[in-house]
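Letters A, B, C and D mark the chains as written, and numbering starts fresh at 1 in each.
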Amino acid sequence: MDRLDNTRVRRRGVEHLTCVRCDGIEIGGGKFTVIAGPCAVESSEQALAAARAVEKAGAKIYRGSLFKPRTSPYSFQGYGPEGIEILSSIRQETGLLVETEVLSAAHLELLAEHVDMLRIGSRSMRNFELLKEVGKTDKPVILKRSMSATLEELLLAAEYILAGGNERVVLCERGIRTFETYTRNTLDILAIPALHELTHLPIIVDPSHSSGRSSFVGPASKAALAAGADGLIVEVHPSPADALSDGFQSLDFPAFERLMTELREIAAVVNKVI
Amino acid sequence: MDRLDNTRVRRRGVEHLTCVRCDGIEIGGGKFTVIAGPCAVESSEQALAAARAVEKAGAKIYRGSLFKPRTSPYSFQGYGPEGIEILSSIRQETGLLVETEVLSAAHLELLAEHVDMLRIGSRSMRNFELLKEVGKTDKPVILKRSMSATLEELLLAAEYILAGGNERVVLCERGIRTFETYTRNTLDILAIPALHELTHLPIIVDPSHSSGRSSFVGPASKAALAAGADGLIVEVHPSPADALSDGFQSLDFPAFERLMTELREIAAVVNKVI
Amino acid sequence: MDRLDNTRVRRRGVEHLTCVRCDGIEIGGGKFTVIAGPCAVESSEQALAAARAVEKAGAKIYRGSLFKPRTSPYSFQGYGPEGIEILSSIRQETGLLVETEVLSAAHLELLAEHVDMLRIGSRSMRNFELLKEVGKTDKPVILKRSMSATLEELLLAAEYILAGGNERVVLCERGIRTFETYTRNTLDILAIPALHELTHLPIIVDPSHSSGRSSFVGPASKAALAAGADGLIVEVHPSPADALSDGFQSLDFPAFERLMTELREIAAVVNKVI
Amino acid sequence: MDRLDNTRVRRRGVEHLTCVRCDGIEIGGGKFTVIAGPCAVESSEQALAAARAVEKAGAKIYRGSLFKPRTSPYSFQGYGPEGIEILSSIRQETGLLVETEVLSAAHLELLAEHVDMLRIGSRSMRNFELLKEVGKTDKPVILKRSMSATLEELLLAAEYILAGGNERVVLCERGIRTFETYTRNTLDILAIPALHELTHLPIIVDPSHSSGRSSFVGPASKAALAAGADGLIVEVHPSPADALSDGFQSLDFPAFERLMTELREIAAVVNKVI
């Protein structure tokens, strides 16, 4: 991986690990930080109900997309920019930080002003023009691995952001595309120790997109914690069967609560603080 | 492939095939159209030399990128917008049409005004916001398959452009990512007959990116023609060893001339007109 | 590919190319040799009808499996050893050479005695104990690439046979497993020039298993010829819809005849003799 | 997965789970059974040293291959049949059960007589003739997933053994082949919950072959336990740097001991008994 020489993302020695701070919340540094919420903001009721539930169960940051990159142009494309107000009211009411996906430079200013954390989705990991723009902001960023990116490519995509001056990048493993189709993607669980060897940036896991089935979200989440991840980004919906996107892989509230309980038990023995 | 039902890209019956017209040049309709030129415009001398050579050998459209999406932020990122003048002078001097890659909506207006054909690179195939913008222009577009896209996903990406009102889309197979690393990508040669079954849009092949080695560009090109492709987009450089990007897979002028000769011989027996 | 240094399969210089001889028939050396027949011998009538048809259309060697490695134990497992007599009568009546798959060392002696050419199927490419046994026979062997083998692994598998003293090995590209499922496998068309660079052994293509659909067998075959292959192994069945295995990808007689005609036309311009 | 209907491997209802018994040792049924030992038996000293160490650390079954399927014919091919005595003396001295890989029907009788458990390696998963033979024995069998097998194909391979009358099959996830090469294979961690949904057979994980690096064996093992696996098969060597095969991925004794300690702590909170 010669191309990583002299990059800012490269880990330099055993002690060199970054803890990304986002207001009071930390990702990295011995914490196991859970980000949770619906795939997409669908209505203020749906979004707020999910926020209350995930806050109560122990999540620290709320996920909720306003713009959805969908395979088909005829699928639900997201609530749009007006959803910003919903995210603001969630922050106010629940005290959760809020993060959302940025799909286009055209929305960047608006989103960066109103949310606490930005997310670059897997389909945008190779949108280097967007990464350059995000590198100019002062917002922490979750950078999701493309379903066809090697670890080196993920790290060089992160380098686009760091090179712009924004050092608060959190990497996210969300499954890669392989020949196996029983799961939506193949969760590359060993990307976690591999990335910890290669970079000082924190690494979280998306157990929802990697598995594509709500019944696998628990095993994926526990495996991620056991393998050394610094957190999760999980899809939780008040009523998965009615979700406008990704319902099949979303947890309902009781399932998310049970998962958080199980994670706390494992965290205690693997030296992580939830 | 249920998601293709009721799409504009779907082929409807044996006769239903689109010939994309770009000024006097046709892609589809029994033609085998060769697009050729350097990976990137590096200087007016380099660009123009390549243009003269490919025109003389029989190419109809000039390829030349001004903006390069590179895995590392520290690699050559392209000549930039000033290269537009170089492309214009190439059109004027050689009579070739010119095409170039559009990476970002920010450059779209400029590029659409000055070039004859736009290209969406494989890394941008899932940049749906960009596809929507390109769908609003009146320029023919080459849409390259993402290295991890299924055929259905490629077609639904094309649908984003057609849904916007721009019907002149040419699909491009450029290799997919697999476990085999001896070639840069794996040229999915059967994507050609498969796409001809599924869609009425023309299909061209990029033998350069799919193979990653100049010695394989000939076999890839001839196989594409024999398998029914409607054309090629080939990288040709005055001095591949000195290229700022992709030199390893670029043909020099004599190699490109030889290839064109061989293609004409095969075209004659497979009922295609070069 | 350091592991290929000092192997017998490694190509040594431009002139170093092997032509495998099998009685009067040659594979390599400027010939394009077509091997054809049903996936499996089902009855003497079916097997003989196919033999007459492929001989008439220009095939030189008959393919017909007696033992079938099937994903499910409840699928048709092949006609079994009694089919040997059918193969013998085909040789006698049509003058075709016959080849068949060897699945197990237990059948090797019987098969080696009665057929002209052995075939190691893709599922057996890593059955090194079997390769060692085949290396001790004096029969020419077709070695099919495993659906997950790199080119280097295919060549090292061939080396097992050569190391045993049997130098008459023909490599066969038959598609690799990738994320794309519209075709049964992904035909790695550039394996042909790549293998010609790496080894002196001849290379044929299986357009039937790689595509999985009879409508793609033509394009795959023509692409293989154009890309430099030394031959084909094609599935042909008197009545594909009734086949006990692989009917979906088998050609009927008229389709095979048309294909042979088209191949002859292309062969004439790419300097191959059918 | 229609082909799994009416198979013996198919899980039928929540309660339907098999615990494979191998003398006093159980795999499945709430146990987390660790199988450990060197990749290959190299000498009686090396083999016995490893046996003592893994027994002391808590392994229940000893792994040690006598026949090695190697990519190159010029790599170490294994100690051979004389190693049987070494395995017997290990059983006697340490009380561990012993398992070994069966590569060929020719060795089956000998191995079945002298070892407690057979192993079908990933390269042999599609050697259906061998599976049929193993199905006729009365020995418990570990069946490793081929690096290119879907879960359905793994289960149908297991069905070959069950169909022969041998019901004591333990499935093993050992990594699949993908485009990512930083790890030797990609550990498909979600194969564990997926297989638990599909089959009643127990599932263990090989953290050594899936990762290819000793530093990843710990994370892989802990993730497997957290995701619900029924055990592990781990490579442990007295001196990994001197191993004749797979040294890069083997644990030394202190690392294995530490791993067992960590696994016990996690097992306690996920309701598994080591």
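As a convention for this text, contacts are C-beta pairs under 8 Å (C-beta built on N, C-alpha and C of every residue); 3 or more make two chains touch, one makes a residue touch a chain.
Source: prediction; values computed, not measured.
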Which chains make contact with chain A and with chain C at once? B, D
Chain whose average C-alpha position is farthest from chain B's own: D
Geometric centre distance via CA averages, chain D-chain C, whole Å: 34
Distance between chain B and chain D based on Cα centroids, please, to the nearest Å. 48
Per-residue overlap in chain A, given as positions that touch at least 2 other chains: 148, 177-179, 181
Spell out the residues on chain D that touch chain C in their complex, using ranges where they run on. 3, 67, 69-74, 103-106, 123-124, 126-130, 132, 146-148, 153, 156-157, 159-160, 163, 177
For the chain C and chain B complex, residues of the former touching the latter: 1, 148, 150-152, 176, 178-183, 186-194, 197, 210-211, 215-216, 218-220, 222-228, 262, 265-266, 268-270
Which residues of chain C touch chain A in the complex? 177-179, 181
